[in-house]
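Some structures are shown below for you to check.
The same chain A turns up in both complexes below, where it pairs with chain B and then with chain C.
Moving on, here comes the complex of A and B:
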């Protein structure tokens, strides 16, 4: 049983949330609620929350966050041909969305699927989240499964011809939103999912991704420029034989962001790449927490996380590769690096490897440094002005993460965002 | 073109004087060589002229066509026409060589109020100049100087010089680390750029580079000053007898 103090925090947090019982979804929610009751919400004392204070994420009410006008900058992914689904403070906006019709793809909303007795998503909703609670508890994900009000359920049987683009608009200064998506790619299927926008004053999101044999999933997200928003997100993925998973996240601004990724490589010869580029100026706390389990033989995983920090911004990386005894011939790579543009910022990294197989190749590295003054001088000596030279070097630092985006047009869009950010945050 | 007068420079961190009253004038269209033993201040001179941090000028001046170089930022010196071929070209992971060249060319054009070069035009020019230096397409695509051999790095410096078309070129020990073939390539690259409107200051430790790039004037530098100036024969004298005699004579 939870100690009283923690039980009180949990009660206060869920007091204002409405629990929707009934049907398969109600059952999954009840399970999640009982998991949550055992774990309690995260606390600063928890080892897994040592570098990130969860106070704002577990408070009864969402701290207010001013909405934000991006001015002249066009929305991210603007030039990409995609199927748009828009959520305003977590509420589906049908008028702003495209007709959810895509060959080889079934798209449902969580709120309506709950009414259907038999739905493929019942095999997935909360299932990967529950698996991901071991060996480390992720209470905010269980909270999400129990109380998410909306989300999309996507099942793909072929090769989706366009990306599905989830757009999260933040309109209310006090919105507190939980969205839960389930994505199932059948054997050989292929899908790209784009996500962008801050979503709410406080955003809790879970995405469960189940990849059958040989399926290919590509995920690119940009978390929005709102300075004051707070977000805790989880991606849970399970990969069957030969499946490919790729995820890239751009985070520019945001007072508090915790992005957790939990991946199980179950089948042989599967591959998972997770990458992130985060840029923060001032009051900015960004946490990437990744847990990759190798179970199948001959799988490959790659984690590439880069953070650019200035004026007291804080970056956190907790990344683990767990190689089970069955996972011979594993190829695991992990790198986390920060570039400090001044002396006031902070980077906290905890890379971990836990290996039980004997024939594996695993490497990890973590560095923290300043702009290379020699390179800066070299560029200036060729006539490149100081600020432009600095931007060029920052983008070069981030390049390894951006390279994880396979689509060149999308990569260029992300690069442009970063250039814009750098020019707004010069000096 | 380049006028250096009574230049005194010290290393900021160590408060150590390096240049102790150096004077030198290089006219347009001419090639001057500076030779001297290790530690005489040759590389410091090149860095101070290019504007690297860490040096304090305590006295004297350096002018480029009447403009005070020492008051300018490094990028402004470059746009004004000064070019330093580095002794140790810097590796910049993540920045493609082509992007680097194009950014530099266009930054200088912009600073001089000229239109930027279009991608197509740039590509055409860079390919042509790269070919002459035996720099292949692969080298242009790779990150700046990363994984380049010593010779490739030096050829890459000359390619930058050819693209930027500076009026005052300083070559800092461009011969170091080059084999005979690479030295020939680099020298041909430099000689192709010689013209009446452009001047060169070739800093070298050995005479052999000067067999390929024939200087008009040779200076011997020691302990932060020019101690002797002469014609091309002076370089041969150094090659035969070493620096000892000249230095003894200068004292």
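Moving on, here comes the complex of A and C:
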């Protein structure tokens, strides 16, 4: 039983949400609601929330967030040939979206699929989220499964020729949105998913990704920029033999963001890479929480997280590699680094290893510090102005994370965003 | 050969030589200090209550303030819950089912000098290899350039038997005695510093210790004095069903220096025994303390029967500017180890170092590490931790590096490496890194591996046979830490770790 105080917080949070019963989705929602009832919402005293205060994420009403005008900077991924699906404050915008027709790809929306009797997504919706609740509870993901009303369901049988681009527009200052996506790649299939935009004043998103043998999934997201929104996102992925998962996230400011990635490497010889570049100036709290479980033999995982912080920005990294006894020949790597541009910022990290197999190679590294004065001096001695030299060094620091993007055009787009952001936030 | 040994042998993988496995196994399999001294003991009644706290205080003839201090701790302890966040699992401890005070009957009247101590007790320490005579410890030992002296405080169950070299230390102004004696002879110093580093409210086990600590060592090094010899305390648990709760307080006044060694053993028994110690170190301006531990409590048998529950709070407070502390620990014993020797780097330019080798074999569980709390400017810390897991053991490094906003221009370097031998053990790393200013630099590296094939290949391609190659690699794995031990302890540590891990090098 949940202690009363926590039960009260939970009922206040869900009081305004409408629970849609019935159908295959209704059953999954009920299961999630009962999971949530056992866990309760996160509290500041929880070990897993040691460095991030969940208050804004669990409050009954979403804290207001002004909508943001990006000025003349074109939206990210604009130059990429892609299939666009647009959500405005969580509501699907058909007019702004492309026709969801792509060879070898089935695309449905959660709201319409819920009305069907049988849907492939019933084997996935809430399933990976439920698996991901052990050994650490992720109540905000269960909350999402129980109450999300929209999302996309993507099933891929071949090689998708264009990326699917999910665009989240923020229009109302008080919008409180939960989206839940399910993505299933059949054996040998390949898909790239792009995500961008702040989405809402408060955004709760879950993406469940199920990769069959040899499937390849690429995920690149840019989480809006300079917005005031609060967000909790979860990616749950399950990899069969030989599957490849690659995810990169760019975060350029934002009041509060908690990105959780939970990956299970079940099949042998699978590989998962998760990377992130975050730049924060001022009121910025960014939390990357990653949990990778190795079950299969000979799998590889790699976590690369870089944060640039100034003016009181806070960067958090909680990363874990869990290697089960069966996962011999595991290669696990994890690096988390922060670069602090002034005295006020904070970097809080908990990089963990939990290892039960002996024939493994696992390592993690974590560093924090200021810009290297000798490197700065070197550049200045060669005539590079101080600010330009500093930007150059910051970009060099972020490079290892950006290198995790396979597509060079997308990587270049991301690099450009960072350069623009840095020049706007110089000094 | 037991069934388990056979099984373990079958699990030997390429690259881990048999000798390494055997010797790691041998460390608990042939626990050398598992014998018992048959001696008449006086016990306080079993269980824990205010009366027991009063009784312990009364036995030590303590002043009123200390009894009140103990009672306050006891009352607080009653309201606390046992911490369960460590990666160790054990059945609930019945705190009422053990003795909190056990004293050899012959110690009823405190002997005036070590010459008057019961020969059986002296023989116990002789057998452990601890000289309680004022002799040159390393006389005749090869490699020792000149004979060196070590002063020893011998703690047997709940009481200190005596301390050697007291007169010679007194000449230098150094106070080295049991804490019960210090309470009587140097009440001002004890009252000023006791609980100032580990307050009685600190944590469950430290609070319990504050209520029932029976003895331990006290050290005071006056300003400007370099302690003329190594100081050492040797803890021996002998009595059955008895917890040992010693309390050590070390105060290094301005610009002083001391090297302190601690050793511990216990008899083999089928039941678990509790050891909850507190060590407090106060270091003032420009002073330096080296604290080395070889922890060799009985680890339990292959099935996990018996062994010591070692729940210890150790903390050094670098209160003065340029103060320096160095913790070195070799953890080979105990069924469960819960221990985080920490450094509070309060003074500007103060330094903390932590070197650790933790070996867990069979059913042992170790959750150990350190905390480096940087408060002063330009403070430096260094952590080197080497964990070796074998059998079904679980070995966890847990550490905190915290840079406070005012601790500008500070520096930390952490390296923790784990080595796994066999596929049923676990090695875990749980570091917390909290950086709250930008001018400080924090670096953390951790690796987990078996003996590296590339390194083996490199050695073998240069003509070494496989056993020598493995020995060389494993030797290199723990060498950083072994080298930080003082000569006197390096010998004991080597007999525990180095012989086993370096044995095949010859």
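Everything that follows uses one rule, which is that the second predicted complex is superposed on the first by the 426 of 427 C-alpha atoms of A that agree within 3 Å, B and C clash if a C-alpha of one lies under 4 Å from a C-alpha of the other, contacts with A are read in each partner's own complex, and residues count from 1 in each chain.
Operating definition for what follows: contacts are C-beta pairs under 8 Å (C-beta built on N, C-alpha and C of every residue); 3 or more make two chains touch, one makes a residue touch a chain.
All values reported here derive from a predicted model rather than from experimental measurement.
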item	value
First (chain B), second (chain C), both or neither touched by A:347	second
Which superposed partner A:386 touches (first chain B, second chain C, both, neither)	first
Partner chain(s) touched by A:358 [first = chain B, second = chain C, both, neither]	second
Partner chain(s) touched by A:149 [first = chain B, second = chain C, both, neither]	neither
First, second, both or neither for A:268, with chain B first and chain C second	neither
Touched partner set for A:366, first chain B, second chain C, both or neither	second
Residues of chain A touched, compared between chain B and chain C (which is higher)	C
Chain C-contacting residues of chain A that also contact chain B	none
Complex interface listing, chain C residues touching chain A	13, 85, 405, 408, 418, 420-450
Contacting residues of chain B [partner chain A, same complex]	50-53, 73-75, 77-79, 84, 86, 89-95, 99-100, 103-104, 107-108, 111, 143, 160, 164
Residues of chain A touching chain B in the complex	372-375, 377-386, 388-389, 392-393, 395-400
Contact set on chain A toward chain C in their complex	47, 309, 325, 328, 338, 340-370
